[in-house]
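Some structures to go through are shown next.
Next come two complexes, and both contain subunit A; in the first it sits with subunit B, in the second with subunit C.
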Partner chain A sequence: MSSSGIEPESPDLVCQLDNVQGVVDALTSVRWKKQQHAVLELSEHGIVLIVEETACLQAKVYLQRELFVKYEYSAEGRPRFGVSLGLFVDCLNTFSVQGHSSAIEIRYPGPDMQLLLKSVESSDSCTYAEIRTRIPDTISWDYNFEPAGSTPLSFTVKSAALKEAIDDLEWPGSSIYLILQPSPPSVTFRGEGHGDLQIDFMCHANTDLLVAFHCDRQVSHRYKYKFLRATTSNIPSSVIRDNRGSKLTIGRGGMLKVQHLVSVAKPAIPHPHVDSSGYQQPSRIAYIEFFVKPEVDDADNANDT
Partner chain B sequence: MKFKAFLTDNGVNLLDKRFLQALEKMGKICHLYLTRDHAYFLHNLLNGDGIQCIAQFRKEALFDEYRISSQNDDRISFAIDLSLLHRALHSIISVYTEFSAGDSGVPGGNSAPNRIQIKLVKKLPPHSQQPMPFLTFETKGYKSAVIQDVPISKPLSRSDVLELQAALDMAQDLPQTLIQVPAMQQLQNFVEKMKNVGDVLNVSISKYGDLHLQVSTTLITLGAEFRKLTVIGEQAQSPTEDQNLSAQSRTRIAIQRGDAMTVQVNVKHFFKSLQCQSAKPDCAFYGIAQQGSCLTVVFQFFIPGTHQTDKAISLHCRLPVLDTGSS
Partner chain C sequence: MEFTLSGNALKTFTRSITCLARIGNELAIQASSTKLTFHTLNSSRSAYLSITFKPGFFDVYTVFGPQMQCSVLLKAICSVLRTPIASIDHLTVLLPNPDASKVQWTLNCHNGMKKAYWITCDVEPHIQNLSLDRTKLPSNFVLRPRDLNRLFSNFQTTLQEITIIATNPTCLPPDAATEIGGKAVELRSYIDPTKENDSALHTQLWIDPTEEFVQYNHIGSPVDVTFGVKESKAFLSFCEGCEVDIQFYFDKAGEPILVVPKFGLDDGSNSTFDATLMLATMLMSQLYTASSSENPQVVGTSYGQANDGRQAPVQERSKGNSGLTSDQTRIWSDLSEQKVAMVLNMEEKEMRTIMSKGNFSKLVRCIYLKLEQLEEICLTFIMTFVVLTKILWNNLKAWYIWMVMLLNTILVTGWMQMMMMMKEMSQSCVFNQHLHIIRNTTAQVVL
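Let's look at the complex of A and B:
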């Protein structure tokens, strides 16, 4: 980390964002409980926000530099700092209600290592925030996601359908089996707890739901329901509205990766009655990744053949 | 002790569509205070804590054939549940408008125009031996007369009424500098989100027309500054060297110069005060009372179709300060 505390004139990062709501949406999607610590990592490529829980679940939000109207990065190495996720999102949220334009400038570090936010619209009104940062206490556990063999085990499903399936599995609760099998090509979620519930996505029957499917052998892994639920509980409404898909991949040892795409496009005309869905810059997407560790016991190990 | 009047159409509209919903947000219970010339809805005037809210109507703004008498200089006051009052009024209006609409279709057939009567009565409630006071609305429907009784407290004693009048007189003092709030709805949205960040709001108001709001905790400082707002009362020319400073520095210097005051209020109180806009005022002004004793917000109502203040209606709130202002 550079010693910018002494030279406030040359901060590590000064960037400008013209769609705060998009970033609020992206960050909200990894907010699965009230008190969460997040680590922000800055680089020349953009900002990565990482949250995790009890070494079983990790989520990352990638805000690439293309999402920003201005991105001036001048640090050596990759500065990392901790913030309260809830506070950061609530704070960003206050900037997104400024009416017409909601462009803001983000700067790090401030004179006291704060994260500084400032609206950049008019000279007669200004909103600002200083968020205290922490030295991240733990090196975040490296999830080291590796493919589980030569061919990938993955499928892409409409985000809305995925969310609905996982919401429905709340009833059996506790542990959920995720089973992929090549013939007939299908994805199965099965919950056993207070009762049994099985949800099948059949590849041939649901071509509009299951967009892609890669699987050359049957696999079955078990995941804690509350972690699976965290991956979809706060999917932004824009993802559902845009009819996007989410990609799920099973890696070595049964590690599950869930990926969502959240649009951070500049709102065309901020008018509720005008359909602004026309043109969206293709690169203005925030990538969300969740990594869920499987529940492991001997029976499960035998399953991964 | 007697009170009887007819609600005018304008009065019905003012109460049902605008004021009662705003006043309900200030608190469920308020004092209704009736004098020879005015009707007041008063929140928290007799007990010290909480946001004080004073809605004042000249009798002509709400009533026709207004008759009041009491041994206490023709003044009556009692506590009333605003949500019950609103519900009763709302229901009586639906009957009244239906019948009136039917009436208008019959030319010349309208011998006695339908009206809503409001009066104070004592009645024996069901399963009770003790007569209780009610505020009663009465109107005619198609085939029936409809009566809505709203239970009220026992009328305030002579000394309580005097105390209420004294508190009301005290609460009429206006701050020396008032600034006009920009885009109320926008400010309300902003403060609503600010509530999530902290509990204590610093409000600074300068004679230059600057309004500075700030929530500050150990983890975060979040603020907004609005400049070049319309000033009523004492004002001063903004120093030119201030232009490139941060909002915090500018406010600090203005306070040092004696050109600004700052107070701390509960952010929830501030939000409530902004919710008064459901009474559809034409503009709103914030100001800090002398010695920083409270934060005052004054809502202004125009005579429809003009830019002239309607003196028959007034609404203002006083927000208790959490700490003495540092000015």
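Let's look at the complex of A and C:
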């Protein structure tokens, strides 16, 4: 909802990105289906993209204003609009050309409420794109993630290991239990289908597989495999390579929150603050959050799908 | 039963599972205090692979009770071993008691992850234990896996069966030695005439065993064995990975062959694992046309039932043979015919006798078939007549009804006879498409 009336046309948002590929990587990680509708919400802090699947799984991508080279926000309130996620990502992909600087400018809204994209810094050619937006008809359910109790139930595990474990859990072909135990501190994924598979992450002193483990009592929740898989199936390879940690938190009612960090910095330019472990300034990182609803037994909940 | 392994033993173990998975679907496991045996049989029952591990192969090896056995699906084990071997620290397999319904496979990875798989197993394995005494197979040869790979690469990758013809290099008459160049072994592609493959590539390869083989022992008359390529290639990859030479033991066409790895100078007694592949061979010899036109016997030794696919077409195949030569290869056929004649040391009239014997049995068979057909025709005629009589019983007073019935009967019988003829013709066309070549070459020995 942009400014109404006959005010002078100043777009709600004009921002410039210097590395499109990073944003494409971040957005690709929330593409788990071919046809997905995303809702973009603009604010003075940055852009948030929300993708949802039938009230069972929701993903959010946070692109803060520090990621952008230029960020001019001049709207009242927070405009929200819907785009087709696949279309948006494919469109951004056309701007990222190997070897050339892929800086683009994003502008909203256009004359007909479109999202406008334009390439900058290219002297001999200009690429220009318009994407139609729509009014988001379903109010995106804010998953109001509440902590499960006084102490948080969370742990951080290496992204590569998490992805490997979830890929292996396809074999049993069943729902997956996630069990946290305080002593000895361990995280267990278990599937019981035509065969049983149990994957344990141990909190050893010598391996840094499992860090930041917080748990004071044993908890166990069940999740549908396809939603759990969606949280890691499209993680960009840069995340796997850097092998940062992904944080998993269990909230009230068994809601699972999975957080990833995707680097959107340009890989070629040596960043003055990058040290040997690949740490980068927080401003060059996009945050991805997945919310997965647990599976409840049909006997308890009649509305369960 | 419980065992644990890691490091190089784990690599060999994984290689064994891969080889077993390429041959059969089900893995039978037998554990005793002296050894652990994995074996599988392929679906057409023409290949049997058995791999044995001694307790020294494992880091830990325990058997609860004198002997335990179970069988699992190889697909499930391949899913377990999908994790890259480099990231596995050690693997543990546990079958807690003989009646357990699941066998537990646990992978402990370097990065701290522990993956435990419970695979359903069948306590009564359906695969029986087969064995073949290699001392009963008189001929053998040994070669390096990469050399065998190179020989196989000369053939079409889609080739299903291959024939190896082994001759005795020492009984060549001295004047023939230069012509043939000492190439005493021939590899030939085998094309099944019952299948539609007009565009198949036929390949013949003559090799000198002293150059290609590490060892070659064959005395007596030439023999040929035809066996499956897919299983051989699977075993070849296994031997290549284990870096051992591969040894073939064989007798003659129809008898199964044995393929084993040949461990180095210490003759295998120090090795902690061993493998044996038994392959069924074609009953029909490619060298001699006088073979069983009667009911073919089941493959002799303790092997078990022979391949159905290989038994059935033997009758029809006695008509035709692999005399499928084109002009380009005629020179080679002439050359090898000479060589075989000399090597066989037979008179020409002896060969002709064999030919005529083959023809005689063919004649008898044709007459038998014709009698069968005649019987069928008569039966059809009578049945149609009876059916029509029943239908038109009330109207039989009128004379024209009899005419109609007769015409109908003739038509139906004629139609059925035509169907049978067409079926017969289509079969014989496949077999006899090169009948003219066979007639021309019956005077020579057909190779």
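The rule is simple: the second predicted complex is superposed on the first by the 268 of 305 C-alpha atoms of A that agree within 3 Å, B and C clash if a C-alpha of one lies under 4 Å from a C-alpha of the other, contacts with A are read in each partner's own complex, and residues count from 1 in each chain.
Here is the rule we go by: a residue touches a chain if its C-beta (ideal position, glycine included) is under 8 Å from a C-beta of that chain, and two chains touch if they have at least 3 such contacts.
It should be emphasised that the depicted structure is a prediction, and the values quoted were computed from it without experimental measurement.
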(request) Could you tell me whether subunit B and subunit C fit or clash when both sit on subunit A in the superposition? (result) fit
(request) Write the angle, vertex at the C-alpha centre of subunit A, between the C-alpha centres of subunit B and subunit C, to the nearest 10 degrees. (result) 60
(message) After the superposition on A, what does A:Leu87 contact: first (subunit B), second (subunit C), both or neither?
(response) first
(request) May I ask you to decide whether A:Ala55 touches subunit B, subunit C, both, or neither, giving the answer as first, second, both or neither? (result) neither
(request) Figure out whether A:Leu209 sits in contact with subunit B (first) or subunit C (second), or with both, or with neither. (result) second
(request) Based on the superposed arrangement, let me know which partner A:Ala165 touches: subunit B (first), subunit C (second), both, or neither? (result) second
(request) Using the superposition on chain A described above, determine whether A:Ile131 touches subunit B (first), subunit C (second), both, or neither. (result) first
(request) Using the touch definition from the top, say if A:Ile199 reaches subunit B (first), subunit C (second), both or neither. (result) second
(message) Can you work out, in whole Å, how close the C-alpha atoms of subunit B and subunit C get once everything is superposed?
(response) 6
(message) Show me the subunit A residues, by the header's touch rule, that subunit B contacts in one structure and subunit C contacts in the other.
(response) none
(request) Sort out for me which residues of subunit B touch subunit A in the complex. (result) 182-183, 186, 189-190, 193-194, 196-197, 218-228, 246-247
(message) Which residues of subunit C touch subunit A once you look at their complex with the stated criterion?
(response) 76, 79, 82-83, 102, 111-120
(request) Using the touch rule from the top, collect the residues of subunit A that touch subunit B in their complex. (result) 84, 87, 90-91, 93-94, 97-99, 123-132
(request) Mind listing the subunit A positions that touch subunit C in their complex? (result) 158, 161, 164-165, 168, 171, 194-202, 204, 207, 209-210
